[in-house]
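Shared between the two complexes below is chain A, which has chain B as its partner in the first and chain C in the second.
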Partner chain A sequence: MKQTLFVPLTLVAAAMFAYAPFMILAAPYESTMGLVQKIFYFHAACGMALFLAAAVSGVGSAVFLFTKKPAADRLAVAGAELSVVIGLLVLVTGPLWAHKAWGVWWTWDVRITSTLVMWLIFNAYLLLRRYGGPGSERLAAAVSLFGLANVPFVYWSVNVWRTLHPKTSVIPTLQPGMRGTFWFCVGAFMLLSVVILMLRTELEKRRQELDALYLAAED
Partner chain B sequence: MKSLATLVLLFALAAPLAAQQPAPGPAQGPPPKTPAAQDGFVPVDAPVTGQDAIPAPRLVAIAYGFIWVVIFGYVWSVKSRLSRVERELETVSRRVPERK
Partner chain C sequence: MTGFARTVWVITRKDLLVEARTREVLFTTLFFAISCVLVFAFGFVREGRPVSDAAAGILWIAIAFSGTLALGRVFERERHGETLRALLIAPIDRPALYVGKLVGILILLAAVEVVVVPLVALMFQAALFDHALLMVGLLAAGTVGFAAVGTLFAAMLVRARSRDVMLPILLYPITVPVIIAGVRGTAALLQPEGGLPMARAWLAMLVFFDVVFITLALWTFEPVMTE
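This part shows the complex of A and B:
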């Protein structure tokens, strides 16, 4: 792992996460939802990081399927695991916001349901990698492609179907006090995702080296 | 990874159960009087009053607390797995030249 890049990125991400709460506190309240709307700053930023992680896993899987490069497979695993973790954050913080804003914890709204489906696809990927046996990496790579295909569907669903979830138009129309805070949080989550992907890819690389060493030790 | 799989399984089971709960009743508090914004957010200086049947500060605190705990937990988990694999790698690499 490139320590020269990893350490400064980690420090910047940590500093951004330390400063984000102050920006969120200072941001104005939303007129119809009040305080609970402040969940938006991390919830939507997590959603964007989820798209990034899913894209990394999907593209890594596609490259692995066509070229069989181990580096692409490592990236696919890292992206899939991050998708599961970030997806969990999205799926937990969303209902906390919905409970106050809509009066229900969960509704089978198209955005929420498609996000759950995407999250389950990446869970299936990880379960396949763990319990699928030899050759499961190629099968899992195909599963990850379905996760990637789900990304535009999740994003556009709120504009195509009538849903309770805020539309994509909310972000470009954010007022100045909210806009800066939101993009700062997005930057923090994107940077954190890059740092985690680097760390997780390194772990996978080391595991592959260990497997190769065990094989050499057996010979 | 095993604990992650258990967490995932629990969540997958809990989500449909939560959805089967009856429509918001007295136990959950009344639904908001003003429909939540969907097309754009309108900023105001102070929070809207009269919608406090469901405590917003608690929900916001849980949301942010959960995010912090999961992120720290996950980074710690990856870091400890990496340290374990590196230790094992060192042990095995010492063994391989001995055999050769």
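This part shows the complex of A and C:
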């Protein structure tokens, strides 16, 4: 069923990404920031996709840690890799916007700092899996679980420390022309994330099968 | 004494006895922490005067760095003697094993802090002892939080490759809240006036962090350490 869904979903995602620039072009200009505000459609949509990928990885890790189901581990690693890639998109588009809107490339604001810390934790997760040797999947799952539990603490501490980033409450107050475009971009990134997650879990499944075959051939 | 407390005590006592024979981890960690403070002194003192607010940051970075070193050394000793495997085979509660190791590391880090905190106060002209009780509270809660995550990760990395570099890579991003709260809380204490409510808020956040992460560590220690 997964196999049959994959191709149409990929085609829809590709079509949405092809059409998204035209929608963004047609959307009204924001009154104070002008053209530079248009990066918001990809920046915030990526941010939402990052939460999806991180949640998939965290839940997959927790399930894997306590049930040892290999399918949960496959989801966890797919989610972690996607988090690193999408997190990089968020962390690159953010400063590009911030430089024009706030006049600085980087600021130690709560959302920015917590995104960076979360991104670092997923990088650590992947490093541990790659260089930790045999059995590191279980250790990496614990890292992911701790990383997830950490997010509220980072958020609270940086929030008390300093803040500048706009709140999520700006999204319901978007102008009508912006709102449609924004949710279209969110849909495109979510669909892309789902397609990549499906592809990556399938790839991991085949890799595990291949490993098992190698081991069987050696015995 | 209940079985759990007795197991914790036996493991802590074993670690302290092993350490008391050579004092290797204590002396090397202590000297490392002092060197750390000295290096920061060269970086953050201009014309004989420390940069304002530097003391809090330097103190906590020295604690985090030397804590990582101590954690690595303590578990390297277990790995070298194959003794962690023996502990895991022993018919004892896994959480008790974790708590025993954690208490041992906390005693070690407390001994390091007894020297490093006055040293920072002296070198950076910081009035760390004006509110001694709150300062001790911040140090205790912060060290517990750092060591709670550190003990679990150092224990689970014993079997992993490239464990020396993995420990800080995993530990620092996850203990970011401890560092922020420790530094901000200490900096609030150092303010001439009005910093006390803020320091108390950071202390409360540290205690909350400790509770959540010790619970999580007790919960995950068993599945992580089972081969």
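In this text, the second predicted complex is superposed on the first by the 203 of 219 C-alpha atoms of A that agree within 3 Å, B and C clash if a C-alpha of one lies under 4 Å from a C-alpha of the other, contacts with A are read in each partner's own complex, and residues count from 1 in each chain.
Note that in this section a contact is a pair of C-beta atoms (placed from the backbone, for glycine too) under 8 Å apart; a residue touches a chain by one contact, two chains touch by 3 or more.
Predicted, not measured: the structure shown is a model, and the values here were computed from it.
By the touch criterion defined above, A:N150 lies against chain C but remains apart from chain B after alignment on the C-alpha atoms of chain A. The partner that reaches more residues of chain A, of the two candidates chain B and chain C, is B. When the shared chain is aligned, chain B comes close enough to touch A:F42, but chain C does not.
Once the two complexes are overlaid on the shared chain, A:G133 sits against chain C while remaining clear of chain B.
By the touch criterion stated above, A:W97 is placed in contact with chain B alone, chain C being left untouched. Look at A:L199: by the touch rule set out above, it reaches chain B but stays clear of chain C.
Once the two complexes are laid over each other on the shared chain, residue contacts for A:Q175 go to chain B alone; chain C is not touched. Using the contact criterion defined above for the overlaid structures, shared-chain residue A:L120 touches chain B and also reaches chain C.
Of the two partner chains placed by the overlay, only chain C lies in contact with A:A142; chain B stays clear of it. In the superposition on chain A, the residues of chain A contacting both chain B and chain C are 120, 127.
Chain B makes touch with chain A in their complex at residues 1, 4-5, 7-8, 11-12, 15, 18-19, 21, 23-24, 28-32, 34-48, 51, 54, 56-57, 59-60, 62-64, 66-67, 70-71, 74-75, 78-79, 81-82, 85-86, 88-89, 92-93, 95-96, 99. For chain A in complex with chain B, the touching residues are 21, 27-40, 42-43, 46, 81, 84-85, 88-89, 91-93, 95-97, 99-108, 116, 120, 123, 126-127, 130, 164-167, 169-170, 173-175, 177-178, 192, 196, 199-200, 202-203, 206-207, 209-210, 213-214, 216-217.
The touching residues of chain A, counted against chain C in their complex, run 65-66, 68, 117, 120-121, 124, 127-128, 131-133, 135-136, 138-139, 142-143, 145-147, 149-150, 153-154, 156-158, 160-161.
Those residues of chain C that touch chain A in the shared complex are 149, 152-153, 156-157, 159-162, 166, 169-170, 173-174, 176-177, 180-181, 184, 201, 205, 209, 212-213, 216, 220, 223-224, 227.
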